[in-house]
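Let me give you the structure first, and then I'll get to my questions.
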Amino acid sequence: MELTSCLLFRCHDEVGIIAALVEFFKDHKISISRFEEYTDASSFFARLEWKGDHPWSNGVDFAKQFQSVAAQFKNTSFRVHFFDQPQKLGLFSSKEPHTLIEALNKCEAGDYPNTEISFLIANSPSIEKYAKRYDIPFHYVKTYKDPVRHEKEQLQIIAEYSPNLIGLARYMKILTKEFIAAAGCPIVNIHHSFLPSFVGAKPYELAYERGVKLIGATSHYVIPALDQGPIIEQDVVRVEPGDSVEHMKRIGRDVEKKVFTTALGKALQHKTITYDNKTIVFN
Amino acid sequence: MELTSCLLFRCHDEVGIIAALVEFFKDHKISISRFEEYTDASSFFARLEWKGDHPWSNGVDFAKQFQSVAAQFKNTSFRVHFFDQPQKLGLFSSKEPHTLIEALNKCEAGDYPNTEISFLIANSPSIEKYAKRYDIPFHYVKTYKDPVRHEKEQLQIIAEYSPNLIGLARYMKILTKEFIAAAGCPIVNIHHSFLPSFVGAKPYELAYERGVKLIGATSHYVIPALDQGPIIEQDVVRVEPGDSVEHMKRIGRDVEKKVFTTALGKALQHKTITYDNKTIVFN
Amino acid sequence: MELTSCLLFRCHDEVGIIAALVEFFKDHKISISRFEEYTDASSFFARLEWKGDHPWSNGVDFAKQFQSVAAQFKNTSFRVHFFDQPQKLGLFSSKEPHTLIEALNKCEAGDYPNTEISFLIANSPSIEKYAKRYDIPFHYVKTYKDPVRHEKEQLQIIAEYSPNLIGLARYMKILTKEFIAAAGCPIVNIHHSFLPSFVGAKPYELAYERGVKLIGATSHYVIPALDQGPIIEQDVVRVEPGDSVEHMKRIGRDVEKKVFTTALGKALQHKTITYDNKTIVFN
Amino acid sequence: MELTSCLLFRCHDEVGIIAALVEFFKDHKISISRFEEYTDASSFFARLEWKGDHPWSNGVDFAKQFQSVAAQFKNTSFRVHFFDQPQKLGLFSSKEPHTLIEALNKCEAGDYPNTEISFLIANSPSIEKYAKRYDIPFHYVKTYKDPVRHEKEQLQIIAEYSPNLIGLARYMKILTKEFIAAAGCPIVNIHHSFLPSFVGAKPYELAYERGVKLIGATSHYVIPALDQGPIIEQDVVRVEPGDSVEHMKRIGRDVEKKVFTTALGKALQHKTITYDNKTIVFN
């Protein structure tokens, strides 16, 4: 398989950025195969892709040389990814399996680039059967009201696998600030409402109560503030008159599946830049 | 044109309601042409339609006879509408004309049943030209921070026309509890966000700030609590990376147009029952 | 679990049908819990649901008594279903597993009423692993260009299980008229295009060629004419500039999954009436 | 207002195109403010935008200098547009006014860049009132079964205004190959079905007949083959059970409005490249 690589770049918007980026690659005899850029109020964001060999043995090596470009602009941040390196995805789940199953299926179908699911942690033993079906290492970790009681054990498992990304497949437990810092990789959550509406544990009940005509789901990167992280993807589905909370949960499951696995895919394809508690998502 | 009539009915859910409703009409030699019913947690809602002549000279007359059915069930409420009576729609507008224009066009195109727009009140003189295009009586009423200063004049105009429904086409002013009570008919508002997210005056700015991936619009009946009334219709549109607040406002306009005129249509077709601060909307 | 039952009814539209249906149930001391009706150009369609015991031991018994109602109207057809009887679903698959997996998951999640998947027939051995995961009897049947060569063996398997419904989960083989007649139950197919566009074997390639901006999927009951059966459900997804045929196939898979399993659900909930090569689908 | 300009570029895909494009502008001391590119099976497409002054007095001048870049690649085609030049839009209409009104409103609201509607030709006198409302020159041209009888008169009017784009707002008449060639500018049509389904004059009737669950609209550039031109935009809306052809026409109107005015906007923003009877549409 041909090696594909990408650069994600952000800086303060000004003239000359596109030319500087393109020139850098030309100088290194690399032809950009995909160039996508956006500008926000005052920021510039770009994702560049190239195929085949390149002169950099790793990201640190790239950064050293790219520094000359980055230094020309203000508030610069960037990261590079070489897709020949397999990515390890860790999954957390609670007793609702639908988003988990969809993620397992997408991964098995090859929808995620060079990705393997390295472990599945759940606080319900009923989840083990899904791990077995897909031959994924399973860890049952009982959870408590006080997260400190179970996070240590979870962090030991994470340390063992060193995942590149963690997906919370309806895990439904609050993560401490310390856990998020110690995990060592981005964490993607699926929330079963159209945020910022209906933050917290009972969004379908609250949506029913308010009488909204569409219900939704939101996938976001996890930050210490509950359900406040940068949004990656959202979608909605229409509620019909007379739909009960139970029915809303059932139709909501399909939206949650779609939103969660889309967000995981964007993260694993390195198509997101977070800034200012928002996410720029590339096509 | 053939006379069409409808009954909207609500009561505590229990056995025998459908049979009782159908029997009442059969006893009056009326064939139901459309029957739609829903049940919620503990309530039953129905809308029945029939065509042609009937023995009731008006709603009061109907109510007198229907009382025998209504008395069989708990928490009953009902209303009847005969579509031979032309309906009068009053419109309020501020300086943003897009939802107003869409409502004027829908009415002209005959999308609303037997409806005429009887007046247009705006706090911006720039709106008068739209009234002229459609030959609608126009009233310029200057508005103030304190609504009491302008609501008296507005209520005099309303009293003059006695509308069956008022539509707030991006009117953007808070109505007092007293005004709502005195208006004498339901009031439909369009809010430019996907409620309950982003209540208040700057929803697109807040949506941009939060980084949501879909923006929306909500049409609801007006109650004294701001943006808290029973929701009639909602819809959303996708935001693309780099979309500015200005761009969000532009794409949001089309959603606002659709949601507002759909809600007006449902109200004018007598296809809504409000209860418990929610709206059952019939097809 | 409480017994739920339903009646699906169709006849030539005329006055008095609703009253006649409701009265029949009242005469049998049954309270209708759900009543849904539609009228088309000249036909009337209804679905009635009731809960709890009833005086009919089976559908034949019901039909005998209901005959008095049916006889009052023209072109009448009806069927009754008692949901206490478990329904058997048979699945056919080819080598693309995504719609199959979604159907297996929906069934396992309890989204289909009182349904068990009784068998899975595939012409690719790679499908067996999915059958094993969900503990479904699997039958490998090799297929040939001439369907007569494999249909006999398939029909023997069908005869063994007597399914109530067969779902073709991207089976991708033409069924003979004889097979359809001999199967003894309705057959639901998923076609990977927005029919009637792009009939036949290569819809994504044809959609790409034509440059359409939305691609879709269609689930329909199978009739002898290829891809011409009554449509149950359709949906679409947007194509972005530069999307290859391969990418269209990937995003199309999610639409196919949704459309196929929605259609299976409607069939298994007995919410469809076919007539005039169309399908009335109840909510 | 600041001058904005754009280049639309297409060639056979190979390495080095992005660098060559970017370098050309750098050499002319122009900073690209927006860069968007796609690759198809074997083609490369890009749209570049820049702001402010530039050294080219017109498109011919630009082409002369850009020729050196274009010559480096195969099957190259390009065009440049300077948005300081007002664009003239001509509209054709028949008796259905909804897409026409939406285009008039969008233009008045400033949704199209530096665009004025220079004339409206209709074959129904009932359309004149819309022209008057928006103060647009109106020309009534009676149409005949044989288009040769009216196209000469229409072409004289077109010649008088020299529009940059013609929009057929439900004009519903077949254009001859000679007319299309003589018009001297691209022509955008709205077809009231989800093409390639239901080509021709009665799409809603055919959609009803086939029992599709979604109906749609398609906007495309006009070529001599009827309804076969490169598609710019499509969208759909869901049909509910019992919806009549009349109801489908009514809900279809809103989709037609949206699709037509979106397509006009894309054409007027110079965001389309047609090739191989398809349209690449930039964001």
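Letters A, B, C and D mark the chains in the order given here, with residues in each chain numbered from 1 onward.
As a working rule, contacts are C-beta pairs under 8 Å (C-beta built on N, C-alpha and C of every residue); 3 or more make two chains touch, one makes a residue touch a chain.
These numbers were taken from a predicted model, which means no experiment stands behind them.
**Student:** In terms of C-beta pairs in contact, which of A-D and C-D ranks higher?
**Tutor:** C-D
**Student:** Please indicate which chain is farthest from subunit A, where distance is taken between mean Cα coordinates of the chains.
**Tutor:** B
**Student:** Subunit A to subunit D: how many Å between their CA centres?
**Tutor:** Roughly 38 Å, centre to centre.
**Student:** Which whole number of Å gives the spacing of the CA centres of subunit C and subunit D?
**Tutor:** Centre separation, subunit C to subunit D: 41 Å.
**Student:** Which positions in subunit A are in touch with at least two other chains?
**Tutor:** Only 39 qualify.
**Student:** Which of the residues in subunit C end up touching subunit A in this complex?
**Tutor:** Residue list for subunit C touching subunit A: 97-98, 101, 105, 109, 111, 133, 240, 250, 253-254, 258, 283.
**Student:** Which stretch or stretches of subunit C touch subunit D in the complex?
**Tutor:** Counting only subunit C, the residues touching subunit D are 38-41, 45, 194-198, 210-214, 216, 230-236, 241-242, 244, 276-282.
**Student:** Which of the residues in subunit B end up touching subunit C in this complex?
**Tutor:** 15-16, 18-19, 22-23, 25-26, 31-37, 39
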